[in-house]
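Look at the two complexes coming up: chain A is in both, with chain B in one and chain C in the other.
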Partner chain A sequence: MTQATLLSDDLLRRLISVGQVDVLVGVPTLNNADTIAGALQAVDEALTQHFARARTVVIAADGGSRDGTVEIVGTTAPEGGDRYRGLRTRHRFVAAYRGVPGRAAAIRLIFTAADLLQARAVAVVDPEAGALTPAAIGGLLRPVGADSFDLAAPVRARHPLERLLVTQLIRPLVRAAYGRQLDEPLLTEFACSGRFAAHCLAEDAWDRSPMREGIELWLAVTALSGRFRACQTVVEAAPPGPSARPRLGLQDVFAPLVGSLFAALEAHAGAWQRDVPSEPVPVIGGDHPPPHEGTAGAPSGLGGTFAQDVRDLRPVLESILAPDTFTALAAVAEAAGSEAPRYTDEVWVSTVYDFAAAYHAGVIDRAHIVKALMPLYVGRVASFVTRHAAAAPGEAAQNLETLAQQFERSKPYLIERWNRTP
Partner chain B sequence: MTQLIADAVGQAWANFLESVALYLPRILATLSIVIVGWVIAALLCVFTRWTLRWLRFDALSERIGLAAALRSADLSPASVLAGSVVFWLVFLGFLLSGIDVLGLTALQGLVAGFGQFVPRLLVALAILAVGFVVANFAWRATLLAAVNARMSSPRLLSSAVRSLILVLAVAMALEQIAVAQTVVLTAFAIAFGAVMIGLAIAFGIGGGGLARRFLERQFPERPESNPDRVSHL
Partner chain C sequence: METNPLWYKDAVIYQLHVKSFCDSNGDGVGDFKGLTSRLDYLEELGVDCLWLLPMYPSPFRDDGYDIADYYSIHPGYGTLEDFREFLVEAHGRGLRVITELVLNHTSDQHAWFKEARSARDHPRRDWYVWSDTDDRYAGVRIIFLDTEQSNWAWDPVSKAYYWHRFFSHQPDLNFDNPAVREEICNVMKFWLDMGVDGFRVDAVPYLIERDGSSCENLPETHDVLKFIRARLDAQFEAKVLLAEANQWPDDVRAYFGDGDEFHMAFHFPLMPRMFMALRLEDRKPLVEIVERTPAIPETCQWGIFLRNHDELTLEMVTDVERDYMYEEYARDPVARLNLGIRRRLAPLLEGDRRRIELMNGLLMSLPGSPIVYYGDEIGMGDNIYLGDRNGVRTPMQWNGGWNGGFSTADPERLAQPLISNPVFGYQAVNVESQRRTDHSLLNWMRRLIRVRRSTRVFSRGSISFLSPANHRVLAYTRSLDGDTVLVVNNLSGTAQVAELDLRALEGAIPIEMFGRSLFPRIGELPYMLTLGPYDFYWFKLRWL
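What follows is the complex of A and B.
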């Protein structure tokens, strides 16, 4: 889809009337009436505080809200309060995008508008409650606007037993493959340069599944794989508020994200097949936050079906895993019985790498490969959570670092498996 | 009397030699057709195997599960098997053409019949191949969906789906080649009905307890395990 077909005539006229801008903030919306006003207020406050002299525009990229979100964006004008007024006119409007509602279509529209308006810095802000504060939005935009970074990702204090899909799979695999230690590879909120936005627009991931479904992850690894300067900024999450968004289950998020990551590895194969140690992505605005305090506790019965799952999936797993890995996995499953398994880092890393190589080779349908990994991931999560439920967050965080190092140490195995397959 | 016997024997030999003179060229022609056919079939077999290997057909068959099924049936890899099928189809064609040259009344029409049968056989093989691929895909998709949805007995469910599709494909293939249609249909109906009635009696009336224990052992209930009770994102 070209820019001309992405933007309606009305939107095109509106963007032309805005003219060139310095900063563009995009807010992907879809039925966010409960929270959009607060998010827009935070954006306005951030722009006033940090970019008072800049030409700015705020665009709500809407996927067809029917709950009054569009009206709220239109009526809550940025000039509504003096403290949000900058020195230059700030534009704000709703831009409805075409096609299937989703983050990819919304971000694509935001990037297209940014490209057209020649924005130097672009921020994407989640309208949900618990998202960024004004200081955090400013903190994300500053390194891009002032320090010529191409991507600024947020980094927050988290408990090590939170976001297990990120900590057990996505983050360490991204770190090992791309050689960069990015804390939040899922870019729910981020800021980027106009150059990076234009580069991404030229890619074909927007229309390709599964990259489209995991676009936040794809944007992050694109920045890490290309010649772009990335940084992280320390942000504090706003206090949680009401949310209209239904909580997604593991089945809803696992396949799109992991499929997107494997597809990105495939697309960037030429960029990551070097066995070099990873480098930290610089943290702006303070030190890397320590892990969140408090114990999370282990839900009872988690991972109790692991042994049965491995038995049921045996013919599928045998076609994906290397024989040694399958033998080790079967031993883990047999030892577990109906309890949570003791799924070691070594076996887990071999499992993930075998799955990535099998995805590359297409040994069976690729969607099936990704789905077959989910029960194993649940077993790994059960193993990790059970082991660290009563542990201090520092100890669990240290073990996450050990896992990430194991991913890096085993990278030659991934490269070897990847290139062995036809 | 002696002269009569000598004449009869001489006539018989003359008839025999006449028959030999009549059939020998035909037999030689048949032999030459069979030999040339064998050579052409062997060349086509090698060419088919080479082409399929070049097209990575074995990797594809591995991907769709055909290779595993062939291994479990103790058969050759898919490319070798396809080459063999080509060999035998071509060789049988030449063989029947050769036999037709003999002009034997009892064997006349075989070539025409074979010519009509081959397209139907190829269509039947294609139906079987597509049915197998679809059945395997559906089996894997069902198995993965059932495991990830924490359903009980995912193997039973997925195997049932695969069996259903395979049975359908086999029935369609047999119908295509029209091999003993009535017998196949009747046998299928009788066998299927007998199995169902047998299972109903055995598991429903005769051995409820035994059936329950058997099913519990084969398809154990999944313990409660909700992965959404931890934070994934």
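What follows is the complex of A and C.
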């Protein structure tokens, strides 16, 4: 789809009516009838509390909902409610996008609208109820609207054994590569400047796989690799909402996200190939939250097939990994037997970097490379979870930091491997 | 004079200060002879009612709202005979006259108060509200926050506290006392017998005090007002009482009663929202306040205005709205007074002719009788450094000559200095120069008033808002007895497109009322209009 066909005549007419805005909130929707009203209410309250004077618009970018989501957005307009006490008219409408439903298409439409309306600040809010409170939405938008940040990402108190794909792979690699310590590089919800939205629109990631599937990561990396000011804002941990959305399995998210991560490294190679220590991304709205003390809900029973997986994948792994890495990995597998392996930070980081370099070199089909990393990742997760199952969250969090530092220390290895390959 | 008992419903009212309008004897103070000499100008302007600010003897510690004698004319303004002559001349030109009636309080220099304080057993003692302590009616808000710390003031003469809702030199009359009510009726009869057409009644919500209440809008206050109205109706016809009650529309509604209290009341909350809508470029605040305005009896009318002799009051707005208004219209703190902004129309709008026209267009087309504040028809400026609200009460600028044509006195002797800055000063902004130019603001205002008065749709018609998706466009229809006018305003400083759903008016031909240009017939499809910055259209709809 080209950008020219992104805007239907009806949408264009609506945008003309809205005119220039200060704040645009986009809500990607697809069959969210159970939760959309609550999400919109949170958005309305946030805008009323924090942007009473601003020109605002709320756009639900819909991928073809058939469950009444569209009708709910249309019938809960803020103007009619007693709650709404803003100075200005608040426009809210549904903008249906064409093509394959997904966050990339939705965010692209939101960014396009923001660009046309010259929005100074844009927020993308997840329609799942309770994901962000009004205070959190306001907290995300304020640094962009008032303090000229280009990207505001939420940071929450999380248990160190949650979101393991992020903590074991994505976050430390992003930190090492781009030199910025961003807690949540998967931008499910975020705020950004109009300038950043316009910049992203000009990128060609929207229609390209795997960036399209991992657009949340792509956006974060784009912000960190360019001349954009990023910050993190403290938000309360999200209470579980009444989501009817099916949970995605690892096989659904691993390939798009890791593929997008590696593709971003390739696209921004000029921006990260310097060995400099990372810097914290400033945290606004409080101190960086300590690890969550509750139960993690971490996976269990993983890693039993690790040794067998390594044996089965040996030809593929030998084509991807450096010999030393493969030897170390094979030793880990051998020692594991039918138990969870003891997959050390050093071997894991070398593994990841070898895979990134192999992806860049295209030693085999890139999809196969990414797919081959998944069982190793499962082994690494099993190793980490087993080691910290009985540990205090603080200890696990400290070891996540140790892992991140290992990624940074080994960055010269990544650069060397990356540039050695043709 | 036309014998229309409901004349006030169709009136375009012009508010002026005698002291600042025209000085006939060169003493630096405007007077009735001077005002009389300028009646031709007001007739040409097209207004049909004059509202005079206080003209009574007064120590002038509140610009005449501190009355020291209700039965006379302030000596500086002339004599009762001068006033009678003025009335005759005004009526001869079809101009009605309403004057101020300050009910709530007198000056502390009024003979009534001097007698009341002279002895605790004086017969007039009970004409005012006294207390041995200053803690009665605790919690009642103080109106003049910038100057007063209590609603009680200590009287060292009679050694007691007296109640005052405004300045401490303005003791409140005690309307629980029948003798006070009777005397006020006598005052009214005195002036109505002379030919005055009505009164603008000052500060009406505060007439009665009761423990445990806000001392505002009390039922007993309405009883007093009904008493006064009944006495008026029993003795006179076609007279008007106009209430000053700076309250929310729902609260003001009570002052119309069942058509047995006030004929008119100011719509205070509308005014700041007109300015707010303009700055926000958003119709929301204006539509909201009109839509929450309750219906009033058939014989009643709202008085609407852009500016007047007081500050642009921000009492009837939310805190968020007040902050916004201060930031947008009064960045200089000196411009802020009490809970308002002491500025005239033109400086508020930065002298932008397009915005001045749009705001006057709104004033003349929204429901109510419009009130034009003297000098705003030529875009006069103000002087916020004069103290209190004097900066919007400077001499009328008649020409570019000596004292702007206001007075032959030495400039140093003028009661108020003229505006003399290069932008709004009398050399740049004056009646004479604008009379010479067809497209001056003055002549544009004359045309606007003429068009407004060409149909009673504006003064008596119902209003129905349209809801174009473009919030910068404010569109409404005014309808009366089969006549319909469509009004479309662009509140923004940029060109706008409006798609109007006019299916209910299908088949009508819009005729633009200023140039009488025909526009395409209204059909089933959305009616598309483009408007330049701050443009507005008034269309008379004809089914031909």
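Criterion: the second predicted complex is superposed on the first by the 408 of 422 C-alpha atoms of A that agree within 3 Å, B and C clash if a C-alpha of one lies under 4 Å from a C-alpha of the other, contacts with A are read in each partner's own complex, and residues count from 1 in each chain.
One rule holds in what follows: a contact is a pair of C-beta atoms (placed from the backbone, for glycine too) under 8 Å apart; a residue touches a chain by one contact, two chains touch by 3 or more.
Being a predicted model, the structure only gives us computed values, none of them experimental.
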item	value
Chain C versus chain B on the shared chain A, clash or fit after superposition	fit
Which of chain B and chain C A:His91 touches, first, second, both or neither	second
Which of chain B and chain C A:Met374 touches, first, second, both or neither	first
Partner chain in contact with A:Glu45 - chain B first, chain C second, else both or neither	neither
Which superposed partner A:Ile16 touches (first chain B, second chain C, both, neither)	second
Partner chain in contact with A:Arg53 - chain B first, chain C second, else both or neither	second
Partner, of chain C and chain B, that touches more residues belonging to chain A	B
Chain C versus chain B - closest C-alpha approach in the superposed model, Å	41
Chain A residues contacted in one complex by chain B, in the other by chain C	none
Chain B residues within the chain A interface of the complex	56, 59, 62-65, 68, 137, 140-141, 143-145, 147-150, 154-155, 220, 222-233
Contact footprint of chain C on chain A as seen in their complex	13-14, 16-19, 52-53, 55, 79, 85-89, 91
Touching residues (chain side chain A, partner chain B) in the complex	161-166, 186, 248-251, 253-254, 296, 299, 301-305, 308-309, 312-313, 315-316, 319, 338, 362-365, 368, 371-372, 374-375, 378, 381-382, 385, 422
Contacting residues of chain C [partner chain A, same complex]	276, 280, 282-285, 318, 320-321, 324, 468-472, 492, 494, 496-497, 499
